[in-house]
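The data blocks that follow each hold one structure.
Presented sequentially are two complexes of chain A, the first with chain B as partner and the second with chain C.
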Partner chain A sequence: MIPQLDYIIDKILPAFVTFYLVSLGHSIFEKSGILNLAIDGVFFTGTGAALLGAILPIIYNIPISPPVMGVLVATLIAAILGLFMSSVLTFLPISHGAVGLSLQFFSYGVGIMLGYYVRLAYGTIYGVSFAREDVLYLSIISLVIGVVLHLFIERTKIGAAIRAVGENPHSAAALGVRVMAIRIVAGMLGFALIGFGGALFILSWQRSWDVKLFTLGYGWLAFATALAAGRHPIVLIPVSLLFGGLVNSQTDLQSRLGIPADVAKLIPFLAALALMLIYSTTRLRRIFASPSSLGKPYYKEEKSI
Partner chain B sequence: MRIVLVRRKKPLKYGGLVVALLSLLSGIFVFTIFAWLIGVNPYPVVETIVTTFIFPGVVKDFIILTLLGYALLIAFKGALWNIGAEGQMHMAFLVSIYITLIVFFTTEKSLPLYISIGVILLSIVAAVAAGALWGGLAGVIKAYAGVDEVPVTLILNYIAYFIGDILVYGPFRGKYVYGYARTDLIPDPYKLSIPVQRQLSGNALIDTVTGYMAEFATYAVWLVALILVLIFTYWLLNKSNIGLRIKILGSNPDYLVSLGYDVRKTMVLTFMLSGAIAGLTAALYYHGSLYRIEYPLEYNTASYGYLAILVAWLSMLDVYLVPLSAYIVSAVILGSQRVSSLPSVREAFTRLQLGGAEMAFKLLMFGSILLAYSILRFIQDYELKVVS
Partner chain C sequence: MSSPLLSVANITKTFPGGVVALDEVSMDFHPGEFTVILGENGAGKSTLVKIMYGIYTPDKGSIILKGREVEIKSSLDAIKKGIVMVSQIPQLVDRLTVVENISLSLTRIGMFETMTRVRRFFKEVSEKIGIKVNPDAKVWSLTYTQKQLIEITRAILLDAMVLILDEALTYLPMEERRKFYVYLNEFKEKGRSVILITHKIPEALEIADKIYVLRRGKLVGALDKASANIDKIRDLMFGEAAKTITYERFTKPYETPIGDIVLNIRNLVVEGDYGEIAVNNVSLSVRAGEIIGIAGVVGNGQRELLEAIVGLRRVREGRVIIDNHDVTNKGVKLTRESGVGFIPDQPLRYAVSADNNIVENVAALFSRKNFVVNWKSMRELSEKLINEYGIYPPRPEMHVKLLSGGNIMKTVVSRELEYASKALVAYNPTRGLDEATSTFVRRKMKEKAVNSKLAVLFASEDLDEVLQLSDSLYVMNRGVLYGPFDPVSTPRSKIEELMVV
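After this line comes the complex of A and B, so read on.
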């Protein structure tokens, strides 16, 4: 095989798929107007749930491939968290940020509880991870998901409703959109994708899991990725490629350019800042603007009492 | 029949306290279910959590979190979501370290008082300036380039961490650290904490009271700073022209334009004030308790910068409620640490082959109480009604 392809399969694609799915889920979630500061916690819960799920077929002899089961369990648990967060924040006029951050800490705990037993009992997880070449299919699947979601948001009624609810939930409700239902759809879909990304993070990229994983802050980097791409599913593709590549080639950058490790760690964050500055000062700004009701507590005045 | 949410005509009486108690109860309830599920006797768990609220060890976190809570309160009043207190603190640390460990480094055990005070003051002023500049940088990017401030401050946190990492690994690495990547300890004359010796009487009540007094005496300088910051914040937000501008910025920026003020400059100023208090807190924390910084830097502050966001939000941006929510958050942190090291909890984790995962317990408890608190805040201004 050509060496460049090896490099892409081993280094670029696993990181790309993870970042793409997590930031895609985050984008969908925030399009509905709910500020998502729980991203890093949900991401970590996804990794723990995936580990647990991947072991289930082995323990119970279920005829399903272990990594696929891992992905299913991770998306399911993340979607439940999404259901909780979006419904609570739509029903009650409370701070999105405070709920998100508390949920983050809570889901760090859930993630440890889910993954720790497997980590101790089985140690290495190479046996239940995706094969090396599978990352090609996973990339294609995630690209398809991205394109479909883009069309879903831009072309369908539900997609339009998600955007409307993010811009102004009151007007949307007046036009007959059911704010609660729409936000739940966006919330579950978004968090499920974040869980999917978390599952691939350990089953296809790292192939190991540790309690301390949540201190890496990759969820937050995906947060920055999503914003650097203006929450646009298609623009996210090159941006996550760039970020995934930057994160995963740090060691190469260090050795090739002869720079210290911490300078190399700086580069993805500087790149994110630079991208945001570039699009904010150009015409792209209007396309990439945040939903205008992002993070605003929603309270529907009752007229009938 | 359905349940609807109605705004109260008047906020609930003693709402802050009611919400705090109710959310503690429900958070602890949720958490004890977890404990019970894995076979831990809930009684010592609940007892530990409750007693942490009258535990002297809370004082340190309480003071730091209140100070940072005020730093963020100012920015949040202007609807500027400053997630960057961590970064602002770290830039301040670096400046304080440069002054105390590089420029005025000494191996003397004691120096004339005026030199000590002079160096400490210089370090604090420089830290305030550094925090203000790092906050101001976020403000400039937000105001003049129009980039959303949440990701900007978040990214600036990481940039500050890594700049610090580079410095601690390189020029700031100490001479007496046995190869560890960390700075030297701060020289004794520059320490701000007052060592207090106390004797235990054996009586729990008396020991708790003397414990609080000892903690407050140890951090007396912090306490003075806390009172000054409280007065300053109150004056700024309620009596000053700048505070009025910040509040208008938060509610209706267009109005600020028609009043003839520069919205952009107000944004930068708000961020600088917020960063300045974060920088002050960092200097106090470094001189009074931290004494050195270590590689990697993000572990130095125990996520104070992020916890302070919770403090500010949970206070509902009320100047008087900031200390209350800071106290609750710090008691919950400490309580969760104490619970996860209870013998019964450790034993249950070992039995379940989860030995070493006590951290999960800490995070679950901390998360469920804070989640309950964030959600139940609505009771103060709204009520649930069942209508047919």
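After this line comes the complex of A and C, so read on.
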């Protein structure tokens, strides 16, 4: 019993909160109709920013816990990227894919800039990370955030506005929605959560940071998580747990099934595909469908029918 | 005379591609007046009101509200200035519920508020004007007319000073229409202004205090109640083509010979979007060369019936037999390939691919079995349809969504009539078309029935259309089909009564 609990606290939960927050943020972001191909970059910026943030209290003697400061800085910087991406893509009718991918590489750079010198100066980051048991509180907090956001999206007017601009920004505008403002809200909120996830990735899960570590591609895995769960904040919970588990048992599966490491890495993605296939044959398809205008360049004067 | 509440002055709007939609147009809208804007399809009516509602910005010209020049930057801006529009093509978000859509317009609803108050507001207004729509229904499950009713409710809730109705009243069910006119009169008496766009000219004459006529983007007439008459208006709108307009029958019922049964519908039971019984044990048959019309108020199962016949909706019980082949639940591909033309309830959404051009939309149906599309012949066919139906602007490469509402409809109708070789199944076949074009389309339907022995089954919310065209007519009410009736000898009142009881 005890070793299993250890495994959950040390491995599963940290992976779960990371995936959950990143995929949740990504889902909120995409619900507003903007395709997010910057996810892995923003995730990485989150890690670098968290690292920088976490040492600030030590350098400047600020009375705030280092990892909490790390989270704050990461969410803030990610939110700024969200502001940028949402507003540019709402203001200009240009390709979401091109902007997203460019921003991804830009954010890799930002992440390196933020984290590199800290890493040089400090080496290990154990001292500024979350304590082992904190992951329990963090999990609870992220679950609360998820449930609140779900209610917020499904029940409130602003939630309806976010879905409306994702479905059809032209109709939304004709109804009286400020497309720009709503997309900025969703964009900042979404990216802030991705930044939060990035912070937890290093401050609670990996507890180390390296320029070369990058993100292990986990940003993209969160992308798949969100797809597999139909961007639904509640459905994301079990799916993130599943993915967190799969990532952790990768080496285990690898040796047990006797497959090469690269193939084992595919397992979570295959699981995502399988989940999507399953629900696409049921009525859930309609609930989980992507926003109709996802990735479509928006031009105010364009005619829509 | 009072000074205008709202004026537009010298408005010019050119779209990319060089279409001059509006050319130096000026109009005044006075408080307490009902202004009607008329014009053939593509004349620029929708473009003008979209400018007033903040959807488009004019290239030139000004908008003057209560004597002061204003700029209307967005629809929200328009709403705040008291200008509200009910669009020709409903601007609602499909995957949101009715009340969610409405909440987005209401500034008195806080951003973090839930739908409770909106639901109450909606119920109050919908009871007042007699609209029966479930406030928590998702908009995609509603019919075109129901969506317009939702937009009307929204407009009333917004308590506008200037209310713009772009072809929003045409298909309003009688009861709602009556109540809504009462409301509009109250509205006028409060010193507010109504702007109406319609293709029903007799009705326009009845209610208008003032009429403006647009033609190819230019203002060609401004008439007041006293000086307006129907011939003068039609002449301004259509020129020569005005003479072709008629609401008389083309032939007496069954004057031309009919052949064997083509569409045979036996005891059909079909579910609606929520699993309710929408079509209840309906049987009818249509013979080659025969035109059967179904009259009825929106939402009584007509849409579900037609969709089930062509294979777009699952049949729960009963049989659909086309040309002696049982096609029940065998899918739309089979019916289409056996030569059935189909005009759905929301043609602008479900019958065209808006981002493709006319040729591609024609090819999508005519080349459905070809591995390689013969673009040359598709282009020729498109050109033929464009000429025949007067699709404007006459450019085969034009993206369908850039056409006016009526011209998109012409694209659909022309393609389906051309394609239909055995049968035509149509819902509101002339929705959104101007008088000259609707007459043309109805005449064409009749011709195809007579000359090509087409079996025609159509449902229309416009009773006049059913009376003009059908050899026999039925009435559909709450999923039940009543009839057949003779369109000439049956008293209109009897049919109307069956529609609403």
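In this section, the second predicted complex is superposed on the first by the 290 of 305 C-alpha atoms of A that agree within 3 Å, B and C clash if a C-alpha of one lies under 4 Å from a C-alpha of the other, contacts with A are read in each partner's own complex, and residues count from 1 in each chain.
FYI, a residue touches a chain if its C-beta (ideal position, glycine included) is under 8 Å from a C-beta of that chain, and two chains touch if they have at least 3 such contacts.
Just so you know, these numbers come straight off a predicted model, no measurement behind them.
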{"item": "Which of chain B and chain C A:148 touches, first, second, both or neither", "value": "neither"}
{"item": "Which superposed partner A:131 touches (first chain B, second chain C, both, neither)", "value": "neither"}
{"item": "Partner chain in contact with A:156 - chain B first, chain C second, else both or neither", "value": "second"}
{"item": "Touching partner for A:64 - first (chain B), second (chain C), both, neither", "value": "neither"}
{"item": "Contacts of A:168 with chain B and chain C, given as first, second, both or neither", "value": "second"}
{"item": "Chain B versus chain C, judged by how many residues of chain A each one touches", "value": "B"}
{"item": "First, second, both or neither for A:234, with chain B first and chain C second", "value": "neither"}
{"item": "Footprint overlap on chain A, where chain B in one structure and chain C in the other make contact", "value": "301, 304-305"}
{"item": "Residue ranges of chain B in contact with chain A within the complex", "value": "4-7, 81, 141, 145-148, 150-152, 154-156, 158-159, 162-163, 165-166, 169-170, 298, 306, 309-310, 313-314, 352-357, 359-368, 370-371, 373-375, 377-378, 381-382, 385, 387"}
{"item": "Chain C to chain A touching residues, read off their complex", "value": "53, 55-57, 74-76, 79, 85, 87, 89, 91-96, 100-101, 103-105, 107, 109-115, 154, 348-349, 354, 401-402, 405, 408"}
{"item": "Residue ranges of chain A touching chain B (in the complex, touch as defined)", "value": "35, 88, 91-95, 97-99, 101-110, 112-113, 116-117, 120-121, 211, 215, 217, 220, 223-224, 227-228, 260, 262-263, 265-266, 269-270, 272-273, 276-277, 280-281, 285, 290, 295, 299-302, 304-305"}
{"item": "Chain A - residues contacting chain C, complex", "value": "152, 155-158, 160-161, 163-164, 167-168, 170-178, 289, 292, 301, 303-305"}
